[in-house]
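Following this line, the structures themselves.
Shared between the two complexes below is subunit A, which has subunit B as its partner in the first and subunit C in the second.
This part shows the complex of A and B:
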C-alpha cells in the first residue's frame, strides 16, 4: 500500500489510544526479537548443516532448521534486522528530504513551489514498486538500491503533507507575530511549524516503514530483491514454500513475522490520525 | 474544470514518460560492458556480432556522442513509442507488450469487479448498522487484511486453496479456473480497503439529519438507501478507489509474477531479471501510463456522479 492512500483514508472514531499502544508493544517485541536473538544463541544465519535439514528445534536453533540446515531463528532475526534497518534508513532520509523541500516550497512559493509540486506529482504517478524495481536494476548493491529507491518513493508523502501543513501555519497570526517581532526562520520552524507537523510525520513514517518492509519482501518473493543466501523475509518464504508439507511451521515463521511487523506499524500509524 | 483536470493528467503522463526514460537510460548506462555491443548482440545474435556491427549501432544511436546527446536520442525514440526489440526474445517490444496487455487487463478487470462485489456491499451494511457485530468484525478483518501484503495473500491462497484443498490450480494460464486465485488475491486487498471507506462514508451519511428526515417522512429503508444513501457515498468511494488503484497496478506486477500469469507485470519482472532494457522501458511506461489513465477515469467518474463540485487534484 502506498502512503498517499493511507493518509487520506477516513478514520474510525473509537479506541485510538489503545490501538496505538498495542502497535507500539508489538513493534517493540519485533525489534526486541531481531536485536536479542543473536545475543541469545550465537548461530551464524548462513551456516549450513545438511544433516539437520528441516529438523525440529534444539538448543542451538530454538525455532528449528530450514531446508539447508540453517538456524531459522538466526535467519529470521537477521532478515528482520535487514528489513527494519532499510525501512528506518529510507524513512529517515525521505523524511529529511520531504520535510525540507515541503517547508521550502510553502515558505518561498512561486516557481520553486510549482517546480517541486510538478516533480512530486510526476513521481507519484509512477507506482512505488516500479520505481524501486527499476532502481534495483541500476544500482548493483541491493540494500543500497532499496534505500535509494524507497527514499525516492517515500519523500513525496512527507513533502505533500509538510507543504500543506506549513502553508496553513504560515498564514496563521502566530507566525506573523513572531516574524514581526524579528524571530528568524529557525525559531519559527521550532516553535510554530514543528509542533503541528510532528504528529503527522509520525503517521507518515509508520506507514512508510510498512511500505518499505512490504516492498522489500515482495521483491524478494518474486526473486528480484535480495539474493540468496541473504536472509530476507520474502526470500525465506519462497525458499521454504516447496517444503511446506514436510515443515509447515518453518514457512509459518517469516509469514507471522511480516504480518506482525506490518500490523504493528499500521496500528501505530492509525493512532496518530484524526 | 474537468478539462483542466484532464490537462493536468496529460502533463502527468508526459512526466511519467520522461521519468521512465531517464531511469531506463541510467539502467542502460549502469550495465557492465559496452552498450553498443550489447544492443548489436541483441539485434544480430551473439554469434553474428562483431566490432563493425557494434560501431554501426554506436553511430546509429549516437552512443559515441556525449551523454546528453545519447539521452536526447533515447528520449526521442521513447516519445515516438519506438521501444526497439527485446534483448532476449528478439521480437519487437510493442508486439510483445500488445500480447501481454490483454492478459493483464483481464486479470485487473476481474479483480476490480470481484473487489467491488465483496467490499462496498459489506461496507454499506456495516455502515447502516454502525457499532453492530458485523461492523466490529469487519473492522478487525479489514485491519488484518491490510497487514497482509499482496504477495503473502497469494502465498496463503496457494497453500490453503491449492495445496491443502486441491480446489484450484496454483499457477498457469489458459483455463478459466487459472484466473480465480490471482484475481482473488488482488480483490481481497482492494475489498478490505473499499469496505472500510464505504462503511465510514455510509455511517456518516446515515447519521445526517436529512437521512433521518427521509425516514420520518415515511420512506422505506430500501428507498432511502437507493435514493439518498448510495449517491452520497459515491463520490468519496470513487475518489478513494482511484487513489487505491495504484495497489492494483503494483499488485499486477507481484501477483502475475507469483502465479505465472503472462501479463505486463510478469514481463517486467523477467525483463528486470534479464536486464532487458527495452522491455523494462516498454512495460514500465505502460504501467505508469495505465495508472495515470485510471486516475483520469476516476476524475471523470467523480464528476459524473456529483457534477456540483469539480474536484481538481
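This part shows the complex of A and C:
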C-alpha cells in the first residue's frame, strides 16, 4: 500500500555496468587478435608443411600447427575474422530491416501491421539453422549465403521489439505535440523513438551476433557450412577432433576462441542490470 | 472528546537531510484532523512516519502514542500490529487497491475474519452490515469493475475499517475526482467521525479541508506553518503561504467582466458529433470561436470533453458534422496544451534544444524566445535542463512558450492545470488567459473544475447537462 505522492523512488542506474565493461574489453581483445595476428606473423592460413603436422609452437606459428602443418594462429585469426565480419554484417542489415519495418508497422497499423506480423510469425516458425541452410542451397557463395540467411533469421527480434517500444511512444502526447508543431516523421524518429530504442537495440545486437557466430560454427561442425580448406571455427573443431589425444591443445584453441567471443557478447548484452 | 493518537516531535530524515521538521499532532475522537499541503511539502511523509509506513531509506524520530501505548517512529516494524486493528488506511484511488476479481462483500468480510478474527459466518454478516450502512446493500456480490467509482470508494472504506480500526487515515481521497464525487467522499468521512472514530486526512484540496472542518494543519517545505480550527484558519489565515493558498483557489478568483468578442471566426464547428470506441459521446454541438475568445468545457471524466478538443484539431476523426478553420491560417497555428507537461516534450534532449529544433524547422526569429521567457516569467536557465528536471508548472509554461512561438490562432488546453498545485495553477491559468486576450488567440479550455472555468471563460459548455450541450 502506498501512502506517498513523493518522488523518493530510487532512480534506475543508466549507462554501462561492470559486466558490460568486462564484455566490451573481452570483445576488443578477440577482435584485436583477429585483426593483428596476420600483422605479427605473415603466415598464410592455407600454407601446408606436412613435416610440421601437429608440431608445437615456434616463432612462425606461436600457437603450434594443425594436422596438415598449417599455422593454428593464422587459421584461428582468419576464422575469427570470417565469423565476426559475417556476424557484424548480418546484425547490421537485420537491425536496419527490423527497425525500419517495426517503425512502419507501429506507425501505419492496419493491413501493413497485420501483414508484417504474419510474415514475422511465419519466419519464426521455421528453425533458424534450417533457414540458413535453405539459403546456402540457393546461393553458391557461402559467406554471402550466411549473411543473407542470418539476416532473414535475425530481423524478427528487432522488428518485434521496435514495434512494441515504438507503439507505446507513438501513443504518447509527445509525438502528437511534435506533429502538431509541424515536425515530420524523421524528427519524431530521431527525438522521440530512437532515444528509447537505442539501449535495447544494443542488447538485441549483441545476442544476435552471438547467434550468428554459433550458427556458422554449428553448420561448419556438421560439414554443411564453409568448405575445407577455408579456416572456420566449427570446421577447425571437426578437423582437429580425431587428433585430440596427440594434440589436445590444438583442439582447444577454436573451442576457447568461440567461448570467449560468445561470453563477451553475452556480457555486453546485459542491460541495466546491477 | 478522547485522544486517539498523539505524535510528539516527529521528524523525517533522508540521511543527513531533514525532510520533515519535528512536528506534533493530536487526533481526537469525533474531530477530523486535516494536513494540508502541496506536492512535495512533506505532508505524506509526516503521516507515514506517524503510522510506520515510511519507505526504506528514510528515518524518523520522535514519539507516537496510540490507544495508551507508546511507539517509536524510528522502529517502523513495531507499528505493524496497529495496522488494520487500530489504524485503517484509505489509499489513494481506492478502486485500484481492491482485488479486481473478488466481490465487494468478500473483500470486506476478509478483514473481519482474518484481522479481527471473527468466524467466517459472523464475518460475512458483519460485512453485509457494513455495506448496508454505506448504501451498498445491493452491491455486495459485484466485482470492483461492476461498481461505480463512488461505490468502489465506499467498499474500500468498509474494507479499511473491517479490522476494527477506530482511526482512518485518508490519503488524498479526492485525487482525480470531480466536485460531485468530492462531496460524497467528505460526507462519507464525516459520517465516520460523527460515529466517534478518528480521521486524519492528507490532502492538497482546499474544498475538502473546508468541508471536513475540524482541525487544520498547513505544511510547507516539511514544516508546519499554521494550525488551528479549520474554519478559523481558512477564514482568517495568518501565514503568508496560507493566504496565498486560499487566494489561489479558483472559488476565490474575481469574476470576469463580460466582454464583447469581435473579429472573424478562427474556428467553428456545426452539428459536431464525437465518438470514442464506437460510442457517440457528444452529438449536435455548435462552436464558434473568435480571436481572444475563451470557451470552457466541463464535465465528468469520460464524457468526451478531451476527445471533442482533439476532434476540433483534427487529431481524431469526426463522427459527424463539420469543423471549419479560418481561411489562410497555416495548420501549425492550431495548437494544443497537454495535461501532463513532461510527456509533451522529447524527454532525451534539453528544453532549449527542443525550442531550437522548432525555430530551425519554421525559420523563426530566435530572439523571440527571450522575450517570451520574460513574458511567462521563466528563467532562461531552464533551457539547459531536460523536461524531467523542471517542475510541472514551469514545464506547462514552457509548453505555452513553445506554442506561442508559432503565433497560434487557436489553442486547445486539455486539463492544463489538473496536475499542478493550487498556487501554480492560478499562475499558469492567469498567464494563459492573459496571453490569449493579448494576442487574440482563441482558447478552448477543458477542465473538470467548474469554478476555474466560470472565472476565466467567456462561455462555459457543460457536457453533463444535455440542455446546454446543444446551446449555440
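Everything that follows uses one rule, which is that the second predicted complex is superposed on the first by the 254 of 274 C-alpha atoms of A that agree within 3 Å, B and C clash if a C-alpha of one lies under 4 Å from a C-alpha of the other, contacts with A are read in each partner's own complex, and residues count from 1 in each chain.
As a working rule, contacts are C-beta pairs under 8 Å (C-beta built on N, C-alpha and C of every residue); 3 or more make two chains touch, one makes a residue touch a chain.
As the structure is a computational prediction, the values presented were derived from the model and not from experiment.
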item	value
Touching partner for A:44 - first (subunit B), second (subunit C), both, neither	neither
First, second, both or neither for A:58, with subunit B first and subunit C second	neither
Partner chain in contact with A:192 - subunit B first, subunit C second, else both or neither	second
Per-residue contact with subunit A, leading partner among subunit C and subunit B	B
Touched partner set for A:258, first subunit B, second subunit C, both or neither	first
Partner chain(s) touched by A:246 [first = subunit B, second = subunit C, both, neither]	neither
Overlap of the subunit B and subunit C footprints on subunit A, listed as residue numbers	1-2, 4-5, 8, 10
In the complex, subunit B residues that touch subunit A	11-13, 15-16, 18-20, 23-24, 26-27, 30, 139, 143-144, 146-152, 155-156, 159, 163, 193, 196-197, 200-201, 204, 236, 240, 243-244, 246-247, 249-250, 253-254, 257-258, 268-269, 272-273, 275, 280, 284, 287-288, 291-292, 295
In the complex with subunit B, residue positions of subunit A that touch it	1-2, 4-5, 8-12, 118, 121-123, 125-131, 133-140, 214, 217-218, 221-224, 234, 237, 241, 244-245, 251, 255, 258-259, 262-263, 266-267
Residues of subunit C defined as touching subunit A within the complex	14, 39-40, 42, 44-45, 47-48, 51, 53, 55, 57-58, 89, 91-92, 97, 169, 171-172, 202, 313, 315, 331-332, 334-336, 338-340, 343-349, 354, 357-358, 361-362, 399, 402-403, 406
Subunit A residues within the subunit C interface of the complex	1-8, 10, 172-174, 176-178, 180-183, 187, 191-192, 195
